[in-house]
Amino acid sequence: MSKEKQAAKKSITEEIERIIEIAKKNNLEEFSLKTERLEISFKSRGCKEIAVQASQDLSNKKKEDTTPSTHFIVRSPLVGVFYRSPSPGAPPFVEIGDIVEPNQTLCIVEAMKVMNEVSAGKGGRILKIFPENGEMVEFDEPLFELELLKEDED
Amino acid sequence: MSKEKQAAKKSITEEIERIIEIAKKNNLEEFSLKTERLEISFKSRGCKEIAVQASQDLSNKKKEDTTPSTHFIVRSPLVGVFYRSPSPGAPPFVEIGDIVEPNQTLCIVEAMKVMNEVSAGKGGRILKIFPENGEMVEFDEPLFELELLKEDED
Amino acid sequence: MKIKKLLIANRGEIALRIVRACKEMGIHSIVTYSVEDRNTLPVMLADEAVCIGKGSPQDSYLNSAQIISAATLLNVDAIHPGYGFLSENAAFARICEDYKIKFIGPRADVLEKIKDKAHVRSIAKKLGVPILPGNVTPLKSVAEARKTAKEIGYPIMLKAAQGGGGRGIRIINQEDELIEQFPLAQQEAKVSFGSDNLYIEKYLENPRHVEVQVLADEYGNVVHLGVRECSIQRRHQKILEEAPTMALSKEKIEKLEEDAVRLAKGINYTNAGTFEFLVDKDNYYFMEVNARIQVEHPVTEQTTGIDLIKEQINVASGKKLSYKQKDIVQKGWAMEFRINAEDPENNFRPSAGRAELVIFPGGRGVRVDSHIYSGQEISHIYDSLLGKLIVFGKSREECIKIGKRAMDEIFIKGVKTNISLHKKILNDKDFQKGNISTNFLKRFTE
Amino acid sequence: MKIKKLLIANRGEIALRIVRACKEMGIHSIVTYSVEDRNTLPVMLADEAVCIGKGSPQDSYLNSAQIISAATLLNVDAIHPGYGFLSENAAFARICEDYKIKFIGPRADVLEKIKDKAHVRSIAKKLGVPILPGNVTPLKSVAEARKTAKEIGYPIMLKAAQGGGGRGIRIINQEDELIEQFPLAQQEAKVSFGSDNLYIEKYLENPRHVEVQVLADEYGNVVHLGVRECSIQRRHQKILEEAPTMALSKEKIEKLEEDAVRLAKGINYTNAGTFEFLVDKDNYYFMEVNARIQVEHPVTEQTTGIDLIKEQINVASGKKLSYKQKDIVQKGWAMEFRINAEDPENNFRPSAGRAELVIFPGGRGVRVDSHIYSGQEISHIYDSLLGKLIVFGKSREECIKIGKRAMDEIFIKGVKTNISLHKKILNDKDFQKGNISTNFLKRFTE
């Protein structure tokens, strides 16, 4: 490497270092910059993230992963028992891979002897079924992950 | 590196610093900018800043402003009484506007009957004198602000 | 019945308070929570947590179907309702009874009776417990109201029998006002509380609010845990409470406490409850029963050494009271300051936002009951209570000193709080001397 | 002399503890601090704060010239040295006396005498206070050492008379070891403590550490505030302390307390001090005096109701003791857990960094004495104490229950802490039964 190039390269890292330093000094949480010569972006840890981490560390509750934007989650509308079929022994409403209509029943959540049918609201393909049959689910708990099917997909 | 390039490079980081400063002064949390030369965006407010703010809100201690990089501060090396002149009635060691040598005595800080002479360590022009004559100063307390005089300034 | 699994149908500091008691008792605690409260300490610290609905109270903490559903599915032995929400709801208590889940509070039938304030008032009268001058049976006509008012003298309060918490009360200064207001009050009571029963009580201009903490087991044993004074109120909302009180002489306090116990027995009360009285000079008058644990219970705990939540659970599990009256001594002094997310410069409007940094005071004589921490989002959906600072010491004077230094230490950044109001109170000469009444706060807030 | 202005020559939680006491007493508090400690709570909360030097203790908290300079310039009436640093430094106490500034602690001449452990040991012997078998006058030769060791039997401790805090002690198992170690110990003592005086004490294999809190005014009145047990130690570093103790019977404890008072009188002790004893089965032996307030003082405060820092200041201002011995009753139980920034998985090496989020426990029976808050930088320069969690209740059993639930609540992110060690201790069957000794912690840390 020519001495000149080395000098130039060094100056880029130096520049980055200086930029990060400036950002840190100014307590920036997120930063991005684009010039002719470089494009840089970074995040530093703010306290919100730490507070959320606290909630993860202090509790042993189950956590959900993030879902890609082409997928969506169907959640439980109430506290109850999750049933995959209309009655014991009957075949499940849906299986993984099924393509479902917006109003098609995916499962039943039983609460206080009342059977609540749950549908997706949007059309899609079943990717995951989270609870086991007969398991208790809480409000807002993920039941199904679906892949969104656009009608006018090309 | 040519002088021209150096100037241009310096001006980018300086520009960034100035932009952040403006954003901070105006309490902006998020900021983004796009010009021909650069594209910049950032988010502010980490918890360190808040913690430091806590220290400012909870305490009534005097705070110092930030100093430009061409200036420097001479601080008290100990806890004591600040005297501007060698003895009562004598003329002060220095006045605002004076140009001083690195080893020139600027003041005396008296602690436990011992007179401690304080010098700047670097040559410069006196811009500010912080404590009043006869006032108590703590360790590290700013005594003088000076403008740095480079010998080989062009 | 031993309580091994307990469901907490509440949120915030009281949910955390109950989680703490459960942990110390070795009881498995399950907290119900709304989506809004997901990242709060009670949810993190309970052994289990069940999301029961969206943020709004109607969808979650007041949604008895969801709560009972969770309780039955999780096979809990008991439900602790905390304060507010479903805590004094007789219908909810009855559902619990139907599902064989112990409701931690009085029986449903007792809750129903207590709800009728005029009825409790009549029992008090029968038992010789002083009540405010007025009538004890529902007013039949405006003529009867005029007669009663004339007898006791204006100003009077026209109250809805089923009202509560400061609601359903009209202060009336003269007869023509009464004639005008009576039908309106009847109508409002019917709409708001489901009954147009009204009664009249003498209105006291400058009363003090003194209450007795009572604990009753299911075998008819009742003890009191001394008195609290809660005169420092803003619009019927208690802000600062203390125990015991300077409102009455020692002898009068003893009589008051005995009256509260007599009344508790008279209404077959069980579990923890508060008997509220108004004090005017040297006289006290029974006002109402609060059939639940109260926000201010820690001042009683600090002066008696008794853990009220644990006692609630013990009594609910069918144990006999472990204390005899003679074993309970109220010693020293305690004060509780409610730290609210409110803007004192904006008429104490609730303040929401992210509590970016929270520093609570510590050290000797300081207890903090709070569910918030640095970085937490404070919702506007619920009440504004961020937590309670409790101080305790040998004397009221010491409490004020500790209170002042503790107020200097509290630091909450991101939401506005009423800390400045507490500082004003603590520095007020009348407060320091104990010259207070339910109107005291007007000098700072109006 | 009334103390109106008090300088605190310390940092961290004890500086904050003293600031709190001053605020409650209406005393103007001035805290000295190093550049490193600029953003700490004591600096923020004191009425005034003076920076006295760079981070290193030698430059600041041990720099008596700077501290005295600040004290004289600010016209303070007294200096509270806290614990550690200059707290037991006779020379510093003497400078304070010369400058007519009250040093809050014993007089300089008393501090000097106490420094010589062999001397205090001889006084104890004279007064009939049990001491460990060994000699009381400095050993003149290895021959004398061999003779003493033979009499009391090996293992023995060879101790530097001027040593302290676990330093200057060699455990010796047999005679040839003694012959080899004696000259080395002399040399080390000379270099480290300025005197080659050595003495021998019987080495107890499995002792318990019990201490008596003493308070003495300047008129010869001495009271004790009961006992503490501090057997839970890691390398002579106390980790968990409690009050009172299960180590001895009630009768023995009373004798121990009386012996401590007698000894305090015998050495003309003033202010607060701790008399440390070793306990072996049913016997106790005087070990040394700690002439300062101690880290673990809150467990005594919680069991006696007495504010030790305030009493220190009262005594220093020339007041007579406000308590007679019969007024002081140690009631209930208290435990203190030192929360240290240490890495339990890395041999408890100090851990520095930014404490990004700090959540302390609260509620009934919990006291937190800590100077840290969310976002604070924890320096590696000072000791690793982040704060102290103190729990208290009716019984030791209740303390353990409250301690467990409180440990679940502490959350410190950004630095490693010894919280997991405390949880292990609290869940240990032997600890729960009170079967502990100074070797107890070895099962978890070695």
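To keep things simple, chains are lettered A, B, C and D as they appear, and every chain counts its residues starting from 1.
Quick note on the criterion: a residue touches a chain if its C-beta (ideal position, glycine included) is under 8 Å from a C-beta of that chain, and two chains touch if they have at least 3 such contacts.
Given the structure is predicted, the values throughout are model-derived calculations rather than measurements.
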Centroid-based (C-alpha) most distant chain relative to chain C: B
Of A-D and B-D, whichever chain pair has more C-beta contact pairs: B-D
Centroid spacing, where centroids are CA-atom means, of chain A and chain D in whole angstrom: 52
Cα-centroid distance, chain A relative to chain B, in whole angstrom: 48
Centre-to-centre distance between chain D and chain B (centres being mean Cα positions), rounded to whole Å: 42
Gap in Å, rounded to a whole number, between the CA centres of chain C and chain A: 42
Overlap residues in chain D, where contacts from two or more other chains coincide: 41, 45, 356-357, 359, 373-375, 409, 411
Sequence positions of chain B contacting 2 or more other chains: 45, 47-48, 50-51, 54, 58
Touch-based graph of the chains, sorted into line, ring, star, complete or other: complete
Of chain C, residues touching chain D in the complex: 16-17, 20, 23-25, 41, 45, 298, 301, 305, 307, 357-360, 362-364, 366-370, 373-375, 387, 394, 398, 401-402, 404-405, 408-409, 411
Of chain D, residues touching chain A in the complex: 356-357, 359, 374-375, 409, 411, 413
Chain B - residues contacting chain C, complex: 45, 47, 50-51, 53-54, 57-58
Residue ranges of chain C in contact with chain A within the complex: 35, 38-39, 41, 43-45, 49-54, 60, 65-66, 68-70, 72-74, 354, 356-357, 373-376
Partner chain A, residues of chain B touching it in the complex: 1, 9, 12-13, 16-17, 20-21, 24, 37-50
